[in-house]
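The same subunit A turns up in both complexes below, where it pairs with subunit B and then with subunit C.
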Partner chain A sequence: MKSKGSRKLLNYRGRRNLMGYFFCAPFILGFVLLFATAFAKSFGFSFNEVITDMNGYSLEYKGLEYYHYALFVDPEFVRAIVGSISGLAKDLIIILIYSLFIAVLLNNPMPGKTLFRAIFFLPVITTIGVIATLELRDSMTQAAMDTTSQSVSMLTGAEDLDLFSYIESLLSAIKISPSMTNVIFEAVNGIYHIITHSGIQIIIFFAGLQSISPSIYEAAMVEGCGRWEQFWKITLPLVSPLIMVNVVWTVVDYFINPTNEVMQKISSRFGSGEYSLSSAMSFINFAVMGVFVAVLLFVVNKFIFYENK
Partner chain B sequence: MMPISAAARAKISKIGFRVVVYLIVICLSYIILYPFIIKIFGSLRGVEDINDYAVQLIPKHYSLVNFTSAMTAMKFPAAFTNSLLLSLLVSLLQVFSAAMTGYGLARFRFLGRSALYALVLIVLMIPVQTTMTAMFLQFRYFDFFGLFNLILGHPLNLIDTVVPFALLSVTGFGLKNGLYIYLSMQTFRDLPKELDEASEVDGAGAIKTFWTVMLPNALPVLITVFLFSFCWQWTDSYYPSLFINKWDLLPRNIMFVVSSIVNVESMQISAATNAGMLLMILPLVLLYVVLQRFFIQGITKSGIVG
Partner chain C sequence: MRARGRRLFNRSLGGNMLIYSFLMLLGVIMVLPMVYAVSSAFKPLNEMWIFPPRFFVQNPTGDNFSSLFGALGESYVPFTRYLFNTVCISVIGTAGHVVISSLCAYPLAKHRFIGSKVIFHMIVMSLMFTSVATGLANYLILSKLGWIDSYLAILIPGFGGSLGLYLMKQFMESNVPDSILESARIDGAAEWRIFWRIVMPIVKPAWLTLIIFSFNGFWSMGGNAYIYNENLKTLNYAISQIVSGGLARAGAGAAASVLMMIPPILIFVITQSNIVETMASSGMKE
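Our next item is the complex of A and B:
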């Protein structure tokens, strides 16, 4: 009897698990039909010279030539990759803490919350797609114009009405040394950088916080649990699976954002018809990012609390 | 000194907490809004103000001329409608694929699950640019296991139709789809086991359990997926440039603003571009404000979470 019961259970479990294929069926189909060949093709491009002619293109095998060029001949590619790694190492933790902090603040019931939530959603829009491209272009022309207007005002001796220079003169008036002023300005610039790069992370955490039932907090309150304790014992464990998503997304966004220096190099190579080199560069970028993500997933997974292990 | 009662102390600490929260939120809001304020005022400048150096921020002559010229250059009504329909189609299908795949990976232990999980991460990490040439060829000469070649004698040309968008989104290989699958997977993974067990004890099958019990509990995250997906498609110019090069779409037509306004100073072009950007951004903000109301409704409806 007993063995029959356990076999039945196993069968049920087994049958139930087969439903996994049903739910993943669209994804598996998409992989087979759309992604696998496209991926394999562009991987193949990185080992071959692509020769385009009237009726399409042909390939000529070149081995690791393009990888060698990207890694050892191109003077800027490796430097750009190192740049994105060091930038990421500096920003990752700050972005995570900042975005969780803001999401918790915005989750508070307070007057005007809809307005504030809408404001903190704005960085999501300004960092994606064509808006990000236009913003980047705008900030570059702005910078060019600032240098010209600065040199003009230096020539004419006219007072610049810029907010920053105003604060600068204010700080020097209250006898704060220029080096200290620099530190303050760098911090302000840093804050701006973090704010514009955490839009998506904030919304993801916010969705997670919204999924926590208020009754849990009410129960905790009755038990005499303070705000600080509530954060560590309820909020953090329950949003921790989303920390993984945000870690991965922050890394990926750093590496594949079109405004990233590496991606711009890849696009400009692609634009000038060097398909194979641009493809090799994308796969090097992909490999570096893959190692980063794998290590982080391994480390962070140890600290994640799942409701069902 | 007067002794302060415990209740009063609690009240003071509550007010103090509020004040600190407001201070932080207002300061950061200012930093976020500052570029937008410049944009809004800059785009409201009349022609007289464009080269007036006395006008720093607040225009002397308000005018909607930049908005009207941006709208004409963008062919706004047509581009808006097309972008709206395309983004709706893509985001609804992406929510479907994210929910399905995320649920399948999160709640079932089947052979090849880890490989699929790794694949989701890979899809997330591959930028559009890497596979786009190959993707284009894929849809230019589309075939389904040699079926179309057999029947029609040639593969299908799906370029200049919405089919590539629909196929990529419904299978989970659309724009940023890896992020959405991963997000929904982590959410389903964290829902308590009792939820589906209770439903299955009641005799519901896996599909019914998914639809009636699991989906409502993941609603805030799925709405977020919809929101992200909509915004990304709304602003994306990569896939449209590959698949539907002839359509009027906002992210493509905003580039016309720069080229259409010839014979005028760069300041006016930048004012019109700002106006065009605001016209693109505003619908997304409205969408967010409307959608975030549903976040809370999702919870109160389904009741049990955690």
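Our next item is the complex of A and C:
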């Protein structure tokens, strides 16, 4: 790119293209090698029966049979997909608003800021991190030994169950009716779910807020702009590009999460050796999610403000 | 600093109290499971199975930790080997991921070159595909490359996380002013230099955030289908093996989950305290 020869051969635009490819090369190389090939292969599997034997595997063409099975024969698959989409639509907006809200609050100068931030970061560790993987693996052994519900208390992720039963006994001790406690628990459970799934979104919004130059706020304040206006006129437009990232992340996190009903169906099919069916299901899931995200991004993109455009 | 002081001063005392108590309430909800985990780690085994469960430990003991390290010490592969593997994978994987995705994000965000849109859309789409379904095909490819049973099988796919790329691209697009890049180009800086000296410092909050995610992801990596050699397995895998030893190991499990949480939290605190309000546009005079 930098040699004199190429400089003569290529004009400015040509050099610019070359530079782009040069910077992207490591990523694209890995992408094509590891992802695109695997993607294409699995796509092929979804139309063929994979017969494994001593020497490897062979394929037998089956056409759309597996897609047909997933969509029209399997009684639960379509229901699971519809369920996950409606669940997501409900959560998505709440998660986005909540995480922006918390990020703005925690970005304020106040004593103990780092401590608060660390606390709000904890769910990231417990939901996608170490604890989650430990717990997931453990849940298999638990199923066998779960005679006393107590064995659940081993690891954090499941802790809220114990906490709830603890609170429940407390509430019943002060004579609050069970129906009342149920209402309380459902609400609390909803909050807990939202909170534990917004950790990453909060951090992404943090990064956005931290890169807003304080001088913009100063200028606004000199002009007599209140904090309410500052939020709508400065903060929100400047972090709006990150709303896209968060929408994509929330959707992906929801759909690809191993606890998602659809994903559980796919992995159980994969685990029992039905590779073709699980590929076909993944591609259906992928297509549904792709359409969902495309629509969302199209809508959200209308409201995004790009500073440098 | 002056702006900060004034912003705090601007809000009424009542507003501050309201925000504080709200944050406290949410904070308590989030901290409780953590407190419970820590207090369980210090519970003696007989106290762990009390019904109804006690929230706080009555007779704190360090037995769980010693039984954890005892179990780790008895394992076939020395404990330090697992630790080394995990640290190695986390550090190299995180560094590679951050550098490669930032490198790719820069031209995608700031240069319109032929095919840049296609590449970007492909990457966003790839985010949405589940790795479960490609598991078989992935294995075939990795084995053809000869990467099975080596760090490469974990590291190289981990380098190319699409979410990191997406975050960096979005950040560069909105935070790096074109005029800075232009003036650097006029001053004769090559793109490579512009990338490291101008773009990366401006988007520091973004890559510090990316470090947090990426480290957390690599650190929590358990056993997977590509590594068979016991010498190459991760600490998380070793600990989950110990934990699955049944009821008697419950204490060790509680201790392990507390210990394993510490590094990601440390990374978070370190990176967060390193983020100084960047002066993205401070160099610019319109």
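Keep this in mind: the second predicted complex is superposed on the first by the 236 of 309 C-alpha atoms of A that agree within 3 Å, B and C clash if a C-alpha of one lies under 4 Å from a C-alpha of the other, contacts with A are read in each partner's own complex, and residues count from 1 in each chain.
Basically, a contact is a pair of C-beta atoms (placed from the backbone, for glycine too) under 8 Å apart; a residue touches a chain by one contact, two chains touch by 3 or more.
Since the model is a prediction, treat every value here as computed from it, not as a measurement.
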**Message:** Taking the superposition on A as described, I'd like to know which of subunit B and subunit C A:C24 touches: first, second, both or neither.
**Reply:** both
**Message:** I'd like to know which partner A:P109 touches here: subunit B for first, subunit C for second, both or neither.
**Reply:** second
**Request:** Please indicate which partner A:M221 is in contact with in the superposed arrangement: first for subunit B, second for subunit C, both, or neither.
**Result:** second
**Prompt:** Touching subunit B and also subunit C: which subunit A residues?
**Reply:** 16-17, 19-21, 23-24, 26-28, 30-31, 33-35, 37-39, 41-42, 45, 102, 105-106, 108, 110, 114, 116-126, 128-134, 138, 141, 191-192, 195, 200, 203-204, 206-208, 210-211, 213-214, 216, 227, 238, 241-242, 244-245, 248-249, 252, 255-256, 263, 266-267, 270, 275, 279, 282-283, 286, 289-290, 293, 306-308
**Message:** So in the complex, the part of subunit C that touches subunit A is made up of which residues?
**Reply:** 3-8, 10-11, 16, 19-20, 22-23, 26-27, 29-34, 36-37, 40, 48-49, 51-53, 55, 100-101, 103-104, 106-108, 111, 113-114, 116, 119, 122-138, 140-142, 145, 156-157, 159-160, 163, 165-167, 170-171, 173-178, 190-191, 195, 202-203, 205-206, 208-209, 212-213, 216-217, 219-222, 236, 239-240, 243-244, 246-247, 250, 253-254, 256-257, 260-261, 264-265, 268-269, 272-273, 275, 277-282
**Fill in**
Note: in the complex, subunit A contacts subunit C through residues 2, 16-17, 19-21, 23-24, 26-28, 30-31, 33-35, 37-39, 41-42, 45, 50, 102, 105-106, 108-110, 114, 116-126, 128-134, 137-138, 140-141, 145, 148, 150-151, 153-157, 159-160, 162-163, 165-166, 169, 191-192, 195-196, 200, 203-204, 206-208, 210-211, 213-218, 221, 227, 238, 241-242, 244-245, 248-249, 251-252, 255-256, 263, 266-267, 270, 275, 278-279, 281-283, 285-286, 289-290, 293, 306-308
**Prompt:** If you look only at subunit A, which of its residues touch subunit B in the complex?
**Reply:** 16-31, 33-35, 37-39, 41-42, 45, 102, 105-106, 108, 110, 114, 116-126, 128-134, 138, 141, 161, 191-192, 195, 200, 203-204, 206-208, 210-214, 216, 227, 238, 241-242, 244-245, 248-249, 252, 255-256, 258, 263, 266-267, 270, 275, 279, 282-283, 286, 289-290, 293, 306-308
**Fill in**
Residue positions on subunit B within touch of subunit A in the complex are 17-18, 21-22, 24-25, 28-29, 31-33, 35-36, 56, 96-97, 100-101, 103-105, 107-110, 113, 116, 119-127, 129-131, 133-135, 137-138, 144, 167-168, 170-173, 179, 181-183, 186-187, 189-193, 200, 206-207, 210, 217-218, 220-221, 223-224, 227-228, 231-232, 234-237, 251-252, 254-255, 266, 270, 273, 277, 280-281, 284-285, 288-289, 292, 295-296, 298-299, 303-306
